[in-house]
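Heads up, there are several structures right after this.
Common to both upcoming complexes is subunit A, partnered first by subunit B, then by subunit C.
== the complex of A and B ==
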């Protein structure tokens, strides 16, 4: 069997996913032998921008019209397109103020009114192209990435947990930060896979992996309101990592 | 007059997106632009209206390579704004994280981004057959450093347990012992790294500039100190805005920062060594001498060598800190207050600045972030200018490669620079 041809691409993000890939210290040498990496701008020159690919891994959100063009091209030449990281899967931090006009943000950051350049509210990849598989997380967990690569190389679609961070947190027997300490924890509505990383350290989950399927946002908001959080604080936190997610948008539209 | 055009539309083996455009007539560059086209995410805009305690979690997402620096700098700026003095233990843990992150970051840069240039390869995959030993050394070292960052912060990238005035969770003493033992194992690897980098055939190029770094009285400063420069600047961190200015650049999404009314400046490993070499332990000084590192060093390509020496230093320093470290749970209570706070740290790539204005309800009213690459931006362009003049009779492709290598030597982070 010939080696699968791979591309690793970045839209707009922090390159966190690419770093996690490079941080697979025990496995990276084998991965390099197993795969034929054709494009990986952050780590190599002489990238092949045209060849067809078996798998494209794409991190980052879409915040610029040029990125929409390049993502469509990546889609066209790839058999499978995998969204890597919360920015790619849900829009990520770049989308936390999508409701504010780009001009206003430009004025805050660049000061000089009238500075002209293109910018669009941040969107996840699936808003534009078909995504075959998503690995969320800000950043992704390296075990999930490795499992996914192993499955994909064998032609299988990987399996990831479908339950919430809360489940992992309970298995770990942590004190519940939401119910017992009244902290703003998004564990009940956030997709598992990090083994409740934050709650294990006594920090409430800020939802960095995005919403779990059929997340009950209304009930989460109600619990938080009962504990004295303002809607403003709750919505800010809900929008920090996964603002464009349908579940969150639908909820916000109703209020 | 002969004319040459250099256009690198998407520079590879750096973090983020940038293009280099140079037009040379005769032996002079007529037009020279580092066009940083990475689109902005508007972090400063996002932070306005958020609660102070949400800031560290958010700003760590500016960069996947130096999240510890963004987080720690933000925490310190917030603490200064609210008049909080974190404990000695908190400060030591932050220093450990800053050092371990610095070593990991330098390692990735030297072995994966810079080294291929010096052996004519495109990247690690192509290098692997010939350099399997070097690459496994890289992996071994990086794992030890990442494990250390994770032991303290709860995750190697984007730490979770660092909060205002402390940490919510502490590593056990057994865990710390394991980290210490691992560090011991990679000390010879670090020496090999320095020797390896010293054998790169570094282009012969020199241009004196103003070197700027954070300096403290009794240690090689990473997160606390005054801002000092080789041109005699010495100011406390809160005075930054009085002495420095940020300028917009019409062709770039990143701004350029410089000392008011002065030329460009350089921050990062080479600047730190030029300004603080004295404060390094004898073992590092000795190795530096052995590999021919001489002060002051005006060759920006030597930033690579400086990084390798900091790897050696960082590993030793972490080990030393761990040797005497006893941790205990502390009371991290504080009062929320209105105020304005500014803080610096030495990120792996150099000076990083965060400043916040916070109101009495703990809401951010104003945020400003200036990153290392913004500090280096003007200097990179100046260096490119002189490098081109010096090499203008070479074929265009050769000049282009030299320019790429120069930009890479700075280890720029363009995502950070735009943020």
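== the complex of A and C ==
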């Protein structure tokens, strides 16, 4: 059986997912034995821009009109397209102020030099093309990436946990930062997979992995309001990583 | 049942002598808010006055993530060794949690006996410890504030000493191994024990009425209350993780990068998870959160009663303490009962 042909691409983001892949130092040789990596600009100088691909891994959000063109091209040449990281899956931090016009944002951030480049409200990949599978995280967890690769070469769609960070946090027997310390913790609505990385260190969950599929935003907001947080603080936290998420948008539209 | 007395100043020596019988696990204080069962080396680490540990002792017998077997395309599968001879002692288990373990025993000894569970169970001795209920404890209502079996020794605090009930020959061996630490029980200690037991009853602030509950739940199957709770529930899974009798686990494969081998594992599951009742073909027969919440209560207080003759709730209060949405089993049952009396 020939090795699956792979492309690893980046839209607008910090390249964190690509760095996580490169940081799989103990496994890189195994990965290369399994996969035929044809395109990986962050890591390789010779890239095949045209060949058809079995799997495209794409990180980053769509922030520039040219990225829309390039993502459509990647989609066309790939059998499977996998969104890597919170920016690709949810829009990420670039999407936290999507309700403010791009022109205004450019003026505030860059002043007059901002006029020379184009920018569109940051969107996740699935807003433009079909995404076959998502691995969220800011950045992604190395183990989830490796498990996904292993499943894909076995011919399976990976199965990642769909439950919330609370589940992992309880298993780790962390003191509840939300209930016992009244901190602004998004653990109950944030998708697990990080093994409650922050809460293990006593830091509340900021929701960097994005919401669980059936996130009960209304209940989470109510719990946080009861603990004295203002709606402004709560909404800012909800929008920090996954502003465009439907559950969050639907909730904000109602309030 | 033979009863002896262990003066508190001898506890440290007794714990030391217990290490001959296995690795000791006991409640320790993690911080001001949290106690948990942990490996201990000496008695000074033990949090003797704990009210409830974050996770129940099930974590040792049904680990959150566990390995079933390894597999490969060529060689088939091989079972994973689980340290079958490792003896351990759970020290300081409260009555409710001993009842919780008895419920797990019932479930795993049913039609399909779980040998892996019982290997661990047979190698684990239980030393119980009396406790003072807080406002979340409702073990008295569940009939689990006292325990008659399922332990080797049970220590009841009578101020200067522990009254020690010896329930098994292993428990007897443990006492005999350091006979000089134990004293005979006199009339005075028995009186003290009775007085302490009565005092404990006075601490209960929370009760739940179980009379006729399965029928009431059947009658209230369509109650709006389930939808109301479904609106609050976050499906975060906290209640299931901390529950001493939630035994559901999911099975998944962890594949290796060689593309040929892997490991089949289990991990704790929860009936509140969105994909709990998702089946092949994409059908989810409990896609509504309210249906899942209802299922949890029906399983504990209706289905389990029908199958095993008692509810699978031991009144430990962990789910009350850990629910971010403040869903409270005592309030839910009371509400469902009041729904039935229109």
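Assume the second predicted complex is superposed on the first by the 252 of 255 C-alpha atoms of A that agree within 3 Å, B and C clash if a C-alpha of one lies under 4 Å from a C-alpha of the other, contacts with A are read in each partner's own complex, and residues count from 1 in each chain.
FYI, a residue touches a chain if its C-beta (ideal position, glycine included) is under 8 Å from a C-beta of that chain, and two chains touch if they have at least 3 such contacts.
Being a predicted model, the structure only gives us computed values, none of them experimental.
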item: Three-chain arrangement built on subunit A, subunit B and subunit C clash or fit; value: fit
item: Contacts of A:157 with subunit B and subunit C, given as first, second, both or neither; value: neither
item: Partner chain in contact with A:26 - subunit B first, subunit C second, else both or neither; value: first
item: Partner touching more residues of subunit A, whether subunit B or subunit C; value: B
item: Centroid geometry (CA): angle subunit B/subunit A/subunit C, rounded to a multiple of 10 degrees; value: 110
item: Partner chain(s) touched by A:219 [first = subunit B, second = subunit C, both, neither]; value: second
item: Partner chain(s) touched by A:104 [first = subunit B, second = subunit C, both, neither]; value: first
item: After fitting on chain A: smallest Cα gap, subunit B-subunit C, Å; value: 13
item: Set of subunit A residues, in rising order, touched by both subunit B and subunit C; value: 33
item: Residues on subunit A engaged by subunit B in the complex (per definition of touch); value: 12-20, 22-23, 25-26, 28-29, 32-33, 37, 40-47, 63-64, 67, 92-94, 96-97, 100, 104-106, 108-112, 115, 117, 119, 122, 138-139, 197-198, 200-203, 206, 208, 233, 236-237, 240
item: Parts of subunit A lying in touch with subunit C, wherever the complex brings them together; value: 27, 30-31, 33-34, 146-147, 149-151, 153-154, 156, 159, 161-164, 166-167, 170-171, 173-176, 178-181, 187-189, 212-214, 216, 218-220, 223
item: Subunit A-facing residues of subunit C, complex; value: 30-31, 33-34, 36, 54-55, 64, 231-238, 241-242, 252, 254-259, 262, 267-268, 270, 273-275, 289, 321-322, 324-326
item: Subunit A-touching residues of subunit B, taken from the complex the two chains share; value: 10, 12-16, 38-46, 48-51, 54, 57-58, 61-65, 67, 108, 112-113, 116, 122-126, 128, 132, 135-136, 139-140, 142-143, 146, 154-158, 160-161, 163, 168-169, 248, 253, 404, 415
